[in-house]
Amino acid sequence: GETITVSGSNSMTSLMEVLAETYTNKTGNFVEVQGPGSSAGIRAANQGTSHIGMASRTVADSEVEAGVERIVIANDGIAIVVHPSNKVENLTTEQVAGIYRAEITNWSEVGGENAPIVAVTRDSASGTRAGFEDVLSLKQTINGMKVSAISPRAQVANGNGMVKTTSGQNPRAIGYISLGTVDSSVKALDVNGVDALVANVQNGSYPVARSFVVMTGPKTPQYAKDFIDWILSEEGQDIVAKKGYVPAK
Amino acid sequence: MLTNDNKDKLLTGVIWSAAVLTMGFLVWILFYIVSNGLAFVDWSFITDNYTRTGDEEGIWPMIVATVYIVLLSIAIAAPIGIMTAIYLTEYAKPGSKLVKLIRFCTEALAGIPSIVYGLFGMTFFVVALGLGFSVLSGGLTLAILILPVIIRTTEEAIIAVPLSYREASFGLGASRLYTIWRVILPAAMPGIVTSLILSIGRIVGESAPVFLTAGMVARIPESVFDSGRTLTVHLYMLTTELYTQHDWDMAFATATVLVLVVLGINLLTKLISKKFSKATY
Amino acid sequence: MNTFEIKDLDLYYGDNQALKSIQLAIPQKQVTAFIGPSGCGKSTLLRVLNRMNDLIAGVRIDGSVKMDGADIYADVDVRKLRMRCGMVFQKPNPFPMSIYENVAYGQKAQGVKDKKTLDKIVEDALRGAALWDEVKDRLHSHAFGLSGGQQQRLCIARTIAMKPDVILMDEPTSALDPIATARIEELMEDLRKEFTVVIVTHSMAQARRIADKTAFFLMGELVEHGDTEQIFTAPQDKRTHGYITGDFG
Amino acid sequence: MSEVNAALQAQETKAALASSKRRDFVEHAFHALFLLSAFIGVASVIIIGFFLVKESAASFQEAGVTGMVFGMNWLPPALYGIAPMIAGSLMATAVAVVIGVPVGVLTAIFLAEIAPERLVKVMRPAIELLAGIPSVVYGFFGLVVIVPLIEDVFGVPSGATILAGAVVLAVMILPTVIAVSETSLRAVPRQYKEGSLALGASKIYTIFNVLVPAARSGILTGVILGIARAVGETMAIIMVMGNTPAMPQGILDSARTLTANIALEMSYATGVHASALYASGVVLLVFVMLLNGTLMYLNREKAK
Amino acid sequence: MNTFEIKDLDLYYGDNQALKSIQLAIPQKQVTAFIGPSGCGKSTLLRVLNRMNDLIAGVRIDGSVKMDGADIYADVDVRKLRMRCGMVFQKPNPFPMSIYENVAYGQKAQGVKDKKTLDKIVEDALRGAALWDEVKDRLHSHAFGLSGGQQQRLCIARTIAMKPDVILMDEPTSALDPIATARIEELMEDLRKEFTVVIVTHSMAQARRIADKTAFFLMGELVEHGDTEQIFTAPQDKRTHGYITGDFG
């Protein structure tokens, strides 16, 4: 069979690897998945170094070169997570933004115990982070350029897992991760009173959400495009749903 | 005021505590890793494939990829490193500008942080030469990374060959090449083998320069142009995705295997240099 | 006939002059001994004769050294020179290989491969060094299993195997016990029949026992040389007299 | 008659000693091959240097060398200040040295002078094992053991601090410091030790007044190699130091090192941002070169 | 009066016996020389006297060694023993520090701190070693700046500064030139007035020049000892005779 190369978003790899493996077993075409991050995925699609690029956020027209196609294969919520022992159950989007801007620094300010807040963010070009910043308007303009407004004092973790480990270990921590990766080691907060559930992402009531996008370039061969078609097929979208994400169709 | 004897006792105590601290830390780390991981290391863990659908969670592909990358980088670096060491010790005029340049560059290579190798390998081998994320890119990058280790250790081994052997050989009218081949290299062999095993250890232990060049695809590479994930990279991937208790167990198990591999490599070094030194002396 | 004729020889290690305008003739098929206190330049001069000093960086030589009338510092193949001037060192230095391989080494280095030829040469050389009877049953065992005295004779055999004209020896017995020393001294009696022998020794008694000619050095100068008997019984120079009567050294 | 004979023999000898060219060819060919190999190392350094400088040029142009090196804010693509990372690297290394070097040197003294030979036989392989353990394992251990421990002991909101990184680094540089120091302590001429003991000095007095000063340059070499290792360490640090790109206020604060900066953002970055990461690499390299220079200088002193 | 009395002394390096049932008395305030060929055990016996062999792993000692009647291998403080038996080694081994520090070293190691006391001791010791005039103006320069002979006298001064009863010397002049050797030999004349001196030497001439008593060793055995004159003119043992007339060694 052929080898299809896919690279990009770290959040998408756990889903993509399952899709890939199922597809490989089915067709004999091997799918190779690398998950360094969304920006790398966009670059890979632009430069044609991989057949398929992945980004866990909306990709703007200005970011892609002519001939690069963007296809949404799933939608995903971004869960705001804290230590399971944290008494706080709900935060508003403003409160979350305040915490990440370092305007709110103590849990007592948002109804919790009197303890400092340890905010954990993702690395600066993660798709999850970009989606999170978009939804919460965590952007500022410096020297005419739009950059992140997340406080530089927030800790930086290099993957969903690392955010989870930190929030699961430290009772004072708060972080955000792909909804599909939440489990009992952390507690996902309600946002604006809406439960962090796939159903609520699907019906649009859960506010912190983004799309999983794949990109193909002019050099992408047909057998790679076939893989994307298969993802969008019923069989593919079933897997998406089973893994805890929102199907694109 | 301390008397001399008491001062001696105090300092002896301090020295002992430092040694205990060093050993304590080692034992602590080893015990923590192995006690949490050993229970999950079994034959199928070692020989199974690794799939994301969850059917199999073995580390066989990582073991194979590690072996490939080790073999490739050693195959590239060993001849170059050994020949460089021969040049520096047997041919070059000591203290000449050329030797200084070569030595400076070797030192510089040894000093470059491995993340910079990763950076370089990704720009040069992966992108500029178009080799992609592949065992080949990884092997080439790591070959440069271990080159100084091989050069230095081999040099030391060659220098340690008694001058009297060289004198005797030259005194019998043997040529330089013949002397190197028949006398110097055999006598330096334990040192050379040691340097190779040290390099293996180094390769096994690296992570950043490996995944930036060889990628992290968890399957058995079919050719040197395929991507591969080494054991250490695998452990790194696992630690960034610790979701369930089961994930933790797998991470500990992988760490245990790594520690055992390193232990095995160290024992092998000892064994080989002992065996060689018995054979030649 | 003289094997070597040394004229106006100066030798410098870097800035340090180790030999000062040496004039010396070394006669054919005789034993010539170099004596003198430690550091006076005996070894240095010996190593001039087979250009072993070439191996040391920073050595500079002025003057002329002729072997059988040909200047050995002119355009000669150093390897051939060294084959004609064999050398035995202070500490026995067999190679880390079998007895046989040690003796055959020099011939093999010249490209001799024929087993019969080699066998013959090895046997002859070992006989010449009075070692054959002791080792003939274990030619292929490791040379390091021999005693110090045997090792030194092995080194002499190794040299004889090259069929040289000259044998240079630098304190060949100083690392040996009295019995081994006596055996080597006996051997010298035979060697002088075939070879020109130059020997450095720190033992005046030894020089007296074995040498035809003796040369006495002091601080890089050749103080006196001549027949051994004459040097020891009627030295011309009072420094020689002082040395042999034990006033210094 | 004999004069004629002598002249004949001289000619014969001369001919016999004349050099043959054919044999030398193989010698020359191998000489060239060895030389060529030696230049591969040189070529590698040049290529690596070339790529680093070339790739980092864009960011230096955009932000200026001082703008980067002294800039306090890292907000690509607007601001490319790496001063916080430089501080992070230096602080973590310094604290690691303060913790690791005394322990390492004292352990080396223990191995070279105090420990019974049987204990040395056990400890040395153990320390070699310490050297061989992949840094990811140290990072993992730091993440799950050291970080929570620091939270508890120091009562800080988060244990992912410079101190946590430094503790991990201290353990990681131990084997280097111990091995090099022990070697140089053992290389101190026996005469010094005998001279001192023969004067009735105690063992400990001898160690600290004669052996350690005599081995000083070797011990310093070990320390510098340890520093180089600490400055270059990446993966372990990423896992335990919090990686905040802000100027650290103390050792109980999170910080990001230059190496972590590269590893965290490399695979994402494009354009000037990527170039700025190469610039971090250049700064890192300058550090290491300075350390190497110091080492060479020290060794020159020793050679005197 | 005898300073040392050695009875039935056997010494083994592992399995190798280096000294065989030695019986020897060393008289007070005289110079005793140990002579014999290389490896006969001279240094080993000398190092028995201040227990320097304790440093070597695997050394085993049988028999008794008494110093002024007290068994030095019974329960004694080795450091005090070594203070009473100073030792000077074959190669000058000053510490890598200043001249002053070298001489003051031993006293400082005993905890003496008072500057005046130390100054006095240093001056006396340097005078005793006939070095004061040469170094008094550069006491604080590095000891390595001294010539070999001066360094050796510095080592003697360092030893004298401990006010020992005995000075043990292992070939103290073998690394020195004739002039430096002569100075040390002169110094011995003075030393014997105050100290018991034991000297190992490979030079029979030296033994004859400076020693009151001479002991001749061969392969670990004490062959003969007695007044120097008698040993050299009328040896009792024919092995002694053979050695001093140069038949071997």
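Worth pointing out:
First chain written, first letter: the chains are A, B, C, D and E, and each begins at residue 1.
Simple rule for what comes next: a residue touches a chain if its C-beta (ideal position, glycine included) is under 8 Å from a C-beta of that chain, and two chains touch if they have at least 3 such contacts.
Predicted, not measured: the structure shown is a model, and the values here were computed from it.
In this structure, the chain pairs D-E and B-E differ in their number of contacting C-beta pairs, and the larger number is found at D-E.
Averaging Cα atoms per chain gives one point for each, and the point farthest from that of chain B is the centre of E. Computed centre separation for the pair chain C/chain D is 48 angstrom, with centres defined by C-alpha atoms. Inter-chain centre distance (chain A to chain D, centres taken as mean C-alpha positions): 38 Å. Centres computed as Cα averages put chain A at a distance of 36 Å from chain B. Rounded to whole angstrom units, the spacing between the C-alpha centres of chain A and chain E is 82. Along chain B, residues 4, 175, 239 each make contact with two or more other chains. Multi-chain contact residues of chain C (touching two or more other chains): 80-81. Residues of chain A found to touch two or more other chains are 158, 162, 165. Within the complex, the chain C residues that touch chain D are 66-70, 72, 75-77, 80-81, 84. In the complex of the two chains, the chain B residues touching chain A come out as 51-53, 127, 132-133, 215-217, 219, 226-227, 239-244, 247. Remark: chain D residues 23, 26-27, 30-31, 33-35, 37-42, 44-45, 47-48, 51-52, 55, 102-104, 106-107, 109-111, 114-115, 123, 125-130, 132-141, 143, 145, 171, 174, 178, 202-205, 208, 228, 231-235, 239, 259, 262-263, 266-267, 277-278, 281, 284-285, 288-289, 291-292, 296 touch chain B in the complex. Within the complex formed with chain B, the residues of chain C that make contact are 50, 52, 55, 57, 79-83, 86-87, 89, 91, 93-97, 105-106, 108-110, 144, 155, 158-159, 162.
By the touch criterion stated above, chain B contacts chain D in their complex at residues 4-5, 7-8, 11-12, 14-16, 18-19, 21-23, 25-26, 29-30, 32-33, 79-81, 83-84, 86-88, 90-92, 101-102, 105-109, 111-120, 122-124, 128, 144, 147-148, 151, 175-177, 201, 204-208, 212, 232, 235-236, 239, 251, 255, 258-259, 262-263, 265-267, 270.
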